[in-house]
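The letters A, B, C and D name the chains in turn, as written, and every chain counts its residues from 1.
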Amino acid sequence: MAKISGAPNRLSSSDASDTQIADVQGRADPRQLAINKVGICDIRHPVSIAQRSGGHQATVATFGMYVNLPHEFKGTHMSRFVQILNAHEHQITLESFKQMLTEMTERLESDNGHIEMSFPYFIDKFAPVTREKGVMDYEVCFIGDRIDGQTQMHVRVKVPVTTLCPCSKDISKYGAHNQRSLITLEVRADEFFWAEELIEMAESEGSCELFGILKRIDEKVVTERAYENPKFVEDVVRDIAIRLNDDERFRRYRVESENFESIHNHSAYAMIEHDKDAANS
Amino acid sequence: MAKISGAPNRLSSSDASDTQIADVQGRADPRQLAINKVGICDIRHPVSIAQRSGGHQATVATFGMYVNLPHEFKGTHMSRFVQILNAHEHQITLESFKQMLTEMTERLESDNGHIEMSFPYFIDKFAPVTREKGVMDYEVCFIGDRIDGQTQMHVRVKVPVTTLCPCSKDISKYGAHNQRSLITLEVRADEFFWAEELIEMAESEGSCELFGILKRIDEKVVTERAYENPKFVEDVVRDIAIRLNDDERFRRYRVESENFESIHNHSAYAMIEHDKDAANS
Amino acid sequence: MAKISGAPNRLSSSDASDTQIADVQGRADPRQLAINKVGICDIRHPVSIAQRSGGHQATVATFGMYVNLPHEFKGTHMSRFVQILNAHEHQITLESFKQMLTEMTERLESDNGHIEMSFPYFIDKFAPVTREKGVMDYEVCFIGDRIDGQTQMHVRVKVPVTTLCPCSKDISKYGAHNQRSLITLEVRADEFFWAEELIEMAESEGSCELFGILKRIDEKVVTERAYENPKFVEDVVRDIAIRLNDDERFRRYRVESENFESIHNHSAYAMIEHDKDAANS
Amino acid sequence: MAKISGAPNRLSSSDASDTQIADVQGRADPRQLAINKVGICDIRHPVSIAQRSGGHQATVATFGMYVNLPHEFKGTHMSRFVQILNAHEHQITLESFKQMLTEMTERLESDNGHIEMSFPYFIDKFAPVTREKGVMDYEVCFIGDRIDGQTQMHVRVKVPVTTLCPCSKDISKYGAHNQRSLITLEVRADEFFWAEELIEMAESEGSCELFGILKRIDEKVVTERAYENPKFVEDVVRDIAIRLNDDERFRRYRVESENFESIHNHSAYAMIEHDKDAANS
């Protein structure tokens, strides 16, 4: 990371110590009201994410980091969140993310902790015919909850696809309106899996997946593929839900699809959520 | 509203009828999967909102409108949502919003319905000393759920205030960092109340409220008021929670405060949520 | 507009007067540096806009208001901008907008002034076959410059349309990728015209225009219309430029089109700008 | 970067070749209208940026890439922009950025080219007293124009600082409103310089610079520093302009400052722009 050395009129060091300064946050609070979440948000940080294909990928994440605050304290110590973040910037996996969550909860002397880390994630994709290498970007979010000593993880991916309208195709002499649609898929992660698996699942269930680069012969194939595979937003979320229902690793999920309609100035939307264990009980 | 008459090369009418066209959405679906929410979102519409001070105020709302879809239908009829919206554009109150929710749920032949309507809301405020009239804008959201024949309403307001840091004031020779903070307050609305009441409650619990216009003598007063009334984000949410706890009309609430810190490039955040009836049971 | 009466712990009036307070902004400045633009921005205000179809439409505008500041003054008086805005909230036309610009420049004792007022604008549109009435929203911006006693106006409209890819149609067995595209059209307004005229011009030159509501028989017609009328972003801006070139009222323009590509996760973009008088000289 | 292998129902390769496919874009166009800019935008790509402190920093950039299109061609070849981007993803400096611009203009057979590359850039900063290491994020943008064989570069930085109001301080018994302010500084880059130099210049001219982490003793120092150094937005842009005027490397610049006012729900803004060579001629 770049360094800035102090310019002449910028702040300079002194030898005062933080311990000589009043700790207003640490004072007793008389209001008898615990706070559910307190912390920092909208903080950007460079991170390095483990990839299924091996190695790590450098990207930039936006964090929210929170703990609960018992009723007896006036405030939390916000700078500690930043210290924990600074200590963990490299090579994040689901495992090391959990460690950061545990460390934060202990360091802030709290019962509960919550971290959200959202970042663009890049995957090399090859055009379907020419095999030209392109890059696709997806938004991935790791969400961790630490509650009474137990950690629970969720992973969310946002995956853009093409959807082509079955009604428009069915009723028209030729053509069919289609558009970019954004699939949002969030699952509870009890067992290990790769974000790439969720992304592939979502891409498989649009009318066609997107690519970073397409030559003309590729464009012909994706155009025809979408036309052969029309889907409403309702179809997209159902077909993904079927795949999630069949995979024992995913006990709880929510799948959404939003069409940025090419014939309207608003969106069409559908969502299915399911908790297999709640449904079984 | 303005009208556009058809330009020469724009689409012209025909005498075909919609009933002659295949209804793809209405077909049977074999996947045995109900959809929790299906509908339209990101649709803007002019609305007119009843004011506590009397009369109505014209503004622009962004809507999300959804119903559930039983497993046996392939899709919903998206155009009906728009028809319902078009029929209700004027003079919306909490009451007429509930009627729109009921009508939507019935018209779409669904068990459950959900509408969110978010809009900027303007209130005349008078500068504290000069009484110069200014205008403040707030973001207000009406949220309605219709579940198995029962309607439940929530109202959310976003209220910007000043917060001045108690720690910074306490430890510094002079001055104290302060900043704009955004309070988000959402309550379940079992009994009638005005959004203005929530806004006043939030404004009363920052270090100082904001104004659309301040002359110098007003600026002096708000500067000193904030300095005399330092608050962490933790203090803001606790002080609002105390007021909500004391008001029997509000059975469930969530209050958040986010400081756009003037000494950092990230935010400080706190949240309290409470369900009085769950806590009592 | 709603009114808030002072809650008990909110700020109360005093009888001090602003004129007894030091005017820091009005002090002399020794740096010998004039400021090109100084003022307020991101301020929202309810407005009422004259419509071509008659009457006015209520909407919400976001303003930026600026003047130049001669080198001899330390600062401008920000509250005066807000006062001017408050005095002009109703029934804005291009004419009254110009008056506000002149008044602002005079009131702030400046040579130059600049106002931008951006707002959603709603137009009733009728579905092409069923004539079902829907509402379309567009973003319109009035831009005024007052320079050395002369006023110049620009109007900008953002118009969403469908574009259908000519290449995709040409090379594919069936279907063609299409998507929502946003046309941005800004013209210098020397002579009077309606924003509706620019909007219609833009809508006429996409592959198809958008509608707020479409029944199935309408959807058939717009699907086929787009397929019969394929256009690249390059075609869209050229075809609009041709129409602007033919209209003597528009002496200077810029037209942009951005396709939110349905086969990629990025946009395709094209822009033409032209100043007829510069070209003739 | 991660790789996705083809899932069973995803698109598979064929041995067709792109050259057998009609080139619709390359066809002749009869409209006699050249296009000023055509290309792709809103495309995200991982990049690696050379740092003044040595080495490179990995981050994520959003690109816009455009060329002009002579009147005789129907369209440009959008996939070539992506190919150029894919070939240049690593270790970008101002020099290699210029090469990419030249290569793009040549490859697209155009006279003019334009690239914008905007990215978050992270710099280690040390708290003023404790020397605790934090990270600050800034938005940096490289802007390149290739016109008739000549290349011109601009660099833009967005730098958040604290500003404390001189008027509020002067007229109040104690305290002064302050807030985060965003300085935007864009300069023409005829000679080499580091983005870090612009960032330091901007940070030196707020009331106080921001830090990623501050312990209490640091917070005391920055609070007092801001109080001792009150500045209007007008002061901020003038003081930066003076420094830019004194530096012969910067021939043309624009400096803006926007205060997210802590006493209002809108911003205060100032801007100075200057072209030394135009002023001298």
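As a working rule, a contact is a pair of C-beta atoms (placed from the backbone, for glycine too) under 8 Å apart; a residue touches a chain by one contact, two chains touch by 3 or more.
In this text, all values refer to a predicted model and were calculated from it rather than measured experimentally.
By the document's definition of touch, common neighbours of subunit B and subunit C comprise A, D. For the pairs A-B and A-D, the count of C-beta pairs in contact is higher at A-D. Comparing the centres of all chains, each the average of its CA atoms, the largest separation from subunit C belongs to A.
Inter-chain centre distance (subunit A to subunit D, centres taken as mean C-alpha positions): 26 Å. Once the centre of each chain is set as its mean CA position, subunit A and subunit C turn out to be 34 Å apart. Contacts with at least two other chains are made by residues 21-22, 44, 137, 167, 171, 208, 212, 214, 216-217, 220, 222, 265-266 of subunit B. Per the touch definition, subunit D reaches subunit A in the complex via residues 1-4, 7, 9-14, 16-18, 20-23, 44-46, 48, 51-53, 57-60, 79, 82-83, 86, 89, 120-125, 128-135, 137, 196, 199-200, 203-204, 208-209, 212-218, 220-222, 225. Of all residues in subunit A, those touching subunit C in their complex are 136-137, 160, 162, 164-165, 167-169, 171-180, 208, 210-212, 214, 216-217, 219-220, 222-224, 226-227, 260-266. Of all residues in subunit D, those touching subunit C in their complex are 21-22, 24-25, 29, 31, 33-44, 64, 66, 69, 74-76, 78, 166-167, 170-171, 232-235, 237-239, 241-242, 258, 265-273.
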